[in-house]
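See structure below.
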Amino acid sequence: MSFALDALTILAVSTGAFFFLAGTVGLLRFPDALSRLHALTKADNLGLGLVVLGLLFQPEELFAGLKLVTVWLLTLLAGATVTQLIARTARPGGAQE
Amino acid sequence: MTDRPLALDIGLAFLVLGVAVWTIAARDTFAAVVGFVAFGLLLTLVWARLAAPDVAPTEAAIGSGVTGGLLLGASTRLHGTQTPAPGEKPGAILRLAAAALCTVVSAGLAAIVLLLPEPAPTLAPQAATNISATGLGNPVTAVLMAYRAIDTLLETVVLLLALVGVWSLAPDRVWGGFPGPRHHADPDGLLPFMAQLLVPVGLLVGIYIFWVGSVAPGGEFQGATILAAMWVLAMMAGLVDAPAVSRRWLRLLLVAGPAVFFAIGLAGFAMAGAFLAYPEAYAKLLIVTIEVPVTLSIATMLALLVAGPPERALR
Amino acid sequence: MADFLLAAAGFVLATVTLGLVRILRGPSEADRIMAAQLLGSGGIAALLLLAEAMSVPAAVDVALTLALLAAFVSVAFVKGFARSGADGA
Amino acid sequence: MGEATLYGLCGAALVGLGLFGLIVHPQPLRKILAFNLIGGGVFLLFGAIARRGAAAGFGGDPVPQALVITGIVVAFSATALAVALLLRLFQETGQATLHLDG
C-alpha cells in the first residue's frame, strides 16, 4: 500500500518538476513575451499543482492536506491575476519597452 | 547526515550568493529590487534548512515580502532618476580599496565562523527548563514574550518611532492627511476580484499563524505581517482607502499594543516583584493578553510604514 | 523517499533560479515579473518538498505565508509596472 | 563541515558583499538594498550560531533565533524610514542623489 502511494508521489512530483523545467526553458527560449507567458502559466499551475498532489499521497493529517491545497489555490489565484494583468500590458502595441 | 542534504545546502548557499551579487551588480535598479525579493525567498529556504521554522516565515513575510513591496514601490517612483551623475561614480581606486576592505571584513567573519568554540555554547537547555513557567509550547515565542520581553516591548516602540518619523516627513499642506495615492477599483479588472477573494483567506491565515505561535512556529510578528500585507493589498486594489493619519482610532490602535505591554510589565512589580515578570499561574493568560493588542498594533504599524507619509490633504 | 523529495526540491529550485536569467536579460519589465513569479511558485514547491522530506510540518505554514506574500508582491509589481509604463518607460 | 558552518560562511560573504555595495553605489536606493543584504548576512551568522547550539530537543538555540526575528523587524523599520526620507528628498529637489553640489 505504502509502496504504491510512494510510487504515485514519485510520479506526480517528477512530472511537476518536469513542468517547472519546461516552464523555465520556455521562459528562456520563447521569442516573444506572450508565448513566454504561456510557458510560465503551465509551470506555475501544473508544476506546483502536481507537487502538491504528490505530497497528498503521503500520509497527512486532514488539516495539513487542507493547508497544502490552500497554498496551491492561493498561488493559482495570484498567478491568474498577474498573468492577466501582464497579458494586458504586454500585448503588441501595449505599454512595453 | 547523508550526502544529499549537503549537496542541496551547497547549491542553496551558492544561489543565495549569486542572487546577492546580482542585487549589487545589476545596472537597473528595478532588476536589483527583483533580485532582492528573490534573495529573501532563498533565505526563507535557508532558515528552513537551519531548523529555524520561526525565523523562516518572518523572513518570508517581512524580509522579502513587505520590504520587497516597499522597495518596488520606491524604485517605481524614482524611475528615471537612477542613473548616477558622472561625478558620482566612484573611481577605480576607491572601488579597489572598498573591495579590499570588504574582503578583509568577510575573511574576518569567516575565520570567526570557522573558529567558533567546540562544543558550541547554547542557551537551549535553560530555555527548555524555563518554558514550562510560561505555559507556552514554542520556545522562540517564550523567549520573545517572557525572558527577553523587554526586547520585544522596545521593538514595538522602534516600529512606532519609525512610523512617527515617516509621518513627520509629510509636507505642511497634507499634514495629518491620507497616505499614498488613492487607488481606484477598476470595475472590470481582475485585481479587485482577486483582492476580494484573497484578503479574507489571508486574514484567516494571519490569525491562524498568530494563534498557532504559542505552541508551534508562528507568532505575533509573522501573523501581524500577513494582516498588514492583506490590508495594503486591499488598498492597492482600491477596495479600501488608507485612513487619514490624524484619526484618533488609528492612533489608539497604534499605541494600544505597546501600552498594554508596558502596563502589564509595570504590574509585574506588584505581582511578581520585577518589571515584565509574570506570576506563574497567570503567565499564559497575561502573555496572550499582551499578544492580541500587540499583534493588532504591529499590523497597523507595518501597513502604514508601507503606505508611507501622508500625500493627500484632509478634505 | 526523503532523499527523492530533497533531490526534487533541489532540482525545482535550481531550475527556476535559472529562469532568473530572464530578469537580467529582460527585455521588458513584464519578463522580469514573470521570472520572479516563476521563482515564487518554484520556491513554494521546494519548501513544501523540504517540509515533507525533513518532516517539519511547520514548513507548510511557512509556505502558506510565502504564498500570501508572493501574491502581495506580485500585485505591488504589477501596480508599479503599470505606473512606470504610463510614464512612457 | 555541517550546514551551520556552510551558511555561516555564506553570511560572512554576504556582509562583505553588502558593504561593498553600500560604499560604491552612489544611488541611495541601491545603498538601502545593500544595507539589507548586510542585514541578511548578519542574521545568517546568528542562524549558524543558533544551529550549532542545538540541544535539549530543539533544532537550534531559541535565543539567537528570537534575536533574529527582532532584528528583521527593526531592519524593516529602518528601511521604511530611509525610503520615506529618500522619496521626500526626491519630492523636494526632483532628484534622488546624495551628491551635494549636483
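What to note about this one:
Per-chain numbering from 1; labels A, B, C and D assigned in written order.
We adopt the following convention: a residue touches a chain if its C-beta (ideal position, glycine included) is under 8 Å from a C-beta of that chain, and two chains touch if they have at least 3 such contacts.
Computed from a predicted model, the values in this text were never measured in an experiment.
A count of contacting C-beta pairs for A-B and for A-C identifies A-C as the more extensively joined pair. Subunit B has its Cα centroid 28 Å from the Cα centroid of subunit A.
Inter-chain spacing, taken between the CA centroids of subunit B and subunit C, is 19 Å. Centres computed as Cα averages put subunit A at a distance of 10 Å from subunit C.
Residue positions 35, 40, 61, 64, 68, 70-71, 75, 77-78, 81 of subunit C are each in touch with at least two other chains. In subunit A, the residues that touch at least two other chains are 70, 74, 77-78, 81, 85. Contacts with at least two other chains are made by residues 5, 49, 51, 53, 66, 75, 191, 194, 198, 201, 205 of subunit B.
A list of each chain pair in contact follows: A-B, A-C, B-C, B-D. Against subunit D, in their complex, subunit B makes its touches with residues 1, 5-6, 9-10, 13, 16-17, 20-21, 23-24, 29, 32-33, 36, 39-40, 43, 46-47, 49-55, 58-59, 62-63, 66-67, 70-71, 74-75, 77-78, 81-82, 84-85, 87-90, 94-95, 98-99, 101-103, 105-107, 109-110, 112-114, 116, 120-125, 127-128, 139-140, 142-144, 148, 151-152, 155, 158-159, 161-163, 165-166, 169, 171, 219, 221, 298, 302, 305-306, 308-309. Those residues of subunit C lying in contact with subunit B across their complex are 3, 6-7, 9-10, 13-14, 17, 20, 23-24, 26, 29, 32, 35-36, 39-40, 43, 46-47, 50-51, 54, 56, 58-59, 61-62, 64-66, 68-73, 75-81, 83-84, 87, 89. Chain contact summary for the complex, subunit A toward subunit B: residues 70, 74, 77-78, 80-81, 84-85.
Only residues 1, 4-5, 8, 11-12, 15-16, 18-19, 21-22, 27-28, 30-31, 33-35, 37-38, 40-42, 44-45, 48-49, 52, 57, 60-61, 63-64, 67-68, 70-71, 74-75, 77-78, 81-82, 85-86 of subunit C touch subunit A when the two sit together in their complex. Those residues of subunit A that touch subunit C in the shared complex are 6, 9-10, 13-14, 16-17, 20-21, 23-24, 27-28, 33, 36-37, 40, 43-44, 47-48, 51-52, 55, 58, 64, 67-68, 70-71, 74-75, 77-79, 81-82, 85-86, 89-90, 95-97.
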